[in-house]
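Can you read through this structure? Questions will come right after.
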Amino acid sequence: MDLRVKLPGLDLKNPIIPASGCFGFGREFAELYDLSKLGGIAIKSATPERRFGNPTPRVAETPSGMLNAIGLQNPGVDEIIEKELPWLAGFDTEIIANVAGATEDDYVTVIEKLNDSPVIKAYELNISCPNVKHGGIGLGTKPELAAKVTAMAKKAAKKPVYVKLSPNVTDIVEIAKAVEEAGADGLVLINTLMGMRIDLATGKPIIANVTGGLSGPAIKPVAVRMVYQTAQAVNIPIIGVGGITCAEDVLEFLYAGASAVEVGMYNFVDPYCCVKIIDELPKVLEKYGFSSVGEAVGKSFR
Amino acid sequence: MDLRVKLPGLDLKNPIIPASGCFGFGREFAELYDLSKLGGIAIKSATPERRFGNPTPRVAETPSGMLNAIGLQNPGVDEIIEKELPWLAGFDTEIIANVAGATEDDYVTVIEKLNDSPVIKAYELNISCPNVKHGGIGLGTKPELAAKVTAMAKKAAKKPVYVKLSPNVTDIVEIAKAVEEAGADGLVLINTLMGMRIDLATGKPIIANVTGGLSGPAIKPVAVRMVYQTAQAVNIPIIGVGGITCAEDVLEFLYAGASAVEVGMYNFVDPYCCVKIIDELPKVLEKYGFSSVGEAVGKSFR
Amino acid sequence: MQAADVRVTENIKIAKDTYKMTMEWEKSSTMRPGQFVNVQVDGFMLRRPISISLVPDRRHFVIVYKIVGEGTAKLSQVKAGDIINIFGPLGSSYPIHDDTDSILLIGGGVGVPPLLELARVYKKIRMKTYVVLGFNDGESVFYEEEFKKLGCEVYVATMDGSYGVKGTVMDAIEAADIDSTFVYCCGPVPMLKAVEAKYTKGYMSFESRMACGMGACMACVAKDKKEENMYHRICKEGPVFPIGKVDY
Amino acid sequence: MQAADVRVTENIKIAKDTYKMTMEWEKSSTMRPGQFVNVQVDGFMLRRPISISLVPDRRHFVIVYKIVGEGTAKLSQVKAGDIINIFGPLGSSYPIHDDTDSILLIGGGVGVPPLLELARVYKKIRMKTYVVLGFNDGESVFYEEEFKKLGCEVYVATMDGSYGVKGTVMDAIEAADIDSTFVYCCGPVPMLKAVEAKYTKGYMSFESRMACGMGACMACVAKDKKEENMYHRICKEGPVFPIGKVDY
């Protein structure tokens, strides 16, 4: 079974990538299994400076999912370059740098610093976070803003740029097209849906940040729908993410038009899930009559 | 315990209302319990003419939820007036007519026909469905379109008009404000999230209509968040809906700012759930220190 | 119809991927052949519609189901003594005709189970009853003995010929030269089509993806074959319809 | 740390809403006092972090948990013989000091369990061990006998005075005039604050809402009390920290 997937900048040995924020920089999971088994790793969002993130509680459970408002806690790009990337260089897997910021310039700063690292194979712009320059709205919610940060990132970047879109929009296709036109090499769909939970005893939001991002199986139908709609409207590859728990879920995303996938919160439910999915995938693909990952991509609309 | 809720046009003996499309016209549930126990009933969306709706399969299960694409199957407003409303008149509960259409004029037509029925206490505009006049996009996704249909409905209506908003938007508050300004007497939040599932064996969408509306506990965090954001931005009451299964969920929506709630797909899981919730609600309210429903409304931000 | 917690008294494998579950419910005697129950499965939202296969006495009923997905797989793990929630009996039942000479019951796969209760009812009025059962292979065959014990004349067909006549139920009917013209049929769509092409009298059972199972949600509808504007809810007007009624 | 399916050998109620569950796991001997396991509960997504309370032998370990929500309620229904999945051992453990005269273990509610394994370890080196346990009421008291059996000097306080000293653990410490200054403390935040106000030497355990439980997601962090830019993951650098280290 041919599990290989070739995408701009990424030579994946299989289509399974732990999603940004759900895998840190891989150190903890390396105690459980060999990270070289993974197709790639999307590391935690990097910002120009060290960020502490939001107050706690930062997570809450929901039916078939969870909310999080970590607030992009990360050691800052310099420390990532100094301490994390050399360590990650020891594994045979494709490292994707997820890039975030409070302004467009932040994205450029982070990218320029990462450009010379041979460990990083591609960038993934996290444009879902609230942006201070634009009154706290996410760059990912307006086509012009999404296009602008993409164009700036592309200009700065010496490696392919993927843009990770926010699902909290009226028309995902409009945003995807704007980003494609601005030069994106690929798309990652989807980030979390905005949600909240209220504590019955206090009457106040459980998450200190009030709202949080909903992820997990609960959002899978929304993610599959967005990949399906977008895949038919753009000519750049899509990495699907949202609620994946097993190889069957991966196949559903491939059918919808994703070329590879990321696995997020399920790493918390079953810390071995990524390697289990990689093990199961050949059997599942074979069961449904495929001899490679590529054959299943976009089957739902072809 | 005071469960009564007074809203424009609606004198609810308790805040529990089965949601439109999940209760038909009540005939089947009347075989299970006395409909007079309910605060109100939101009947199936009425259109000017009889509609058969979408091809089958129309439903699919998802983690903690389901997808549906019924396609507004209903007997048409005339038959509803002739056959369903006289029957519903036999119950001591507030009937809300959910109104839908393929054009704005359809809403006016349905409302004008229902105006003289003493059974109907208020209208609920379903503006989530694709609208033929506007290239198939939902009226609920653009503030101007939502405002326009609201204004037209208000002009035609002899009873209060609630507008049921679509959650598939970038900014729910913007739509809510536009609708309030256009004269809406209240809001119903939320309708279903657009999602899809793909059959592993065929590679094709399970739902014949390709996409469907996601409902159930999976979407509750999104619904609570939207009620919370909207309640702080408008001065008209909100009926909360999305994933409610028990009295605790009701309290969460009250905290978020809803004055009453609708229960949708959980009627399929437990057909007695509405009366069970009504029975449990006093105990739950008491447990958390309330002596009326009203006291809990909006507690999360007050 | 009503939702009830019932005690499972038996849940055993009777053929390949096929399980028979018996439940104790004091209202079992209200169940009619052809009706179904909507079964709650732990961990799943929507209930699973499963036909009532037999009402052996006034306080018990039996269902037979095949593992086809996660819900039925989970159901197969239920143990005797466990409590599960059922909602039923739901839908229409097979009308009983005593004005015909003989009847022919045609079942395919998990379309077989509801015919057993029907046969039991017909045998009480001593009706001559032919039963033709179709399965994929010999390992999947079940209920042959049960129908025989009731006094029916039973024929089995398997697609791969590993048991009984090789081929479809239609092949078995031809081979046995059964001349009965009043049929009751439950099974996969191709079988229904073949039966409808040959027979005009009798009843058929349909399946459809359901949500409420009680007629409220309009998930399960099918159009009438003749009247343009008429539709039927499989869960309410159905699952049993006269042959030729439903456009499927 | 590792995820494993383990067999439950006992799951019994030991006080009001409080359960003790024993599991069989061949790696139990790798567990240190103060560490926790992340327990998978059927029907829930996130695992529940629960302290390791005792490692009675090399192949078994014990947790004690209180029903506070749906997950722990479901856990209480697990039966001896059932298999559950645990992930652990996780986090830091209580460092053992043999250079002190005596130690004082202070536990409140479900903060009591991890102290039992700690006491067991200390009793092996014959350390003079004072134990002060605080509960809401007499019905909630547990483990008094277990600590006594190990040879500890045990005092109990209840908020309503229905058992032991009326008041908090601090009241009990005062009443018994315990002069030990090296403390290990686990319990609710007000208790931690009170202990921190009086003692400067020793260790404390913290709780936090967790997702991964292994240091990868940053859900559970707390700031350092002194260093501006330093933070600690409760699940990884914690849950045990030296007194005065963490800003909570």
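In this document, chain identifiers A, B, C and D correspond to the written order of the chains, with residue numbering beginning at 1 in each.
One rule holds in what follows: a contact is a pair of C-beta atoms (placed from the backbone, for glycine too) under 8 Å apart; a residue touches a chain by one contact, two chains touch by 3 or more.
In this text, all values refer to a predicted model and were calculated from it rather than measured experimentally.
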item	value
Set of chains whose contacts include both subunit D and subunit A	none
Remotest chain, subunit C as reference, centres from CA atoms	D
Distance between chain centroids, defined by C-alpha means - subunit B, subunit D (Å)	47
Length of the line joining the C-alpha centres of subunit A and subunit B, rounded to whole Å	34
Whole-Å gap separating subunit C and subunit D, where each centre is the average of the chain's CA atoms	56
For subunit B, residues contacting two or more additional chains	62, 64-65, 216-217
Sites on subunit D touched by subunit A in the complex	1-3, 40, 44-47, 87, 208-223, 229, 231, 236
Contacting residues of subunit A [partner subunit D, same complex]	21-24, 27-29, 31-32, 44, 50, 52-53, 56-62, 64-66, 68, 70, 73, 216-217, 265, 267-272
Contact footprint of subunit B on subunit A as seen in their complex	62-65, 67, 141-142, 168-171, 193-198, 200-201, 203-205, 210-212, 214, 216-222, 224-225, 228, 243, 248, 251-252, 255-256, 288, 296, 299-300
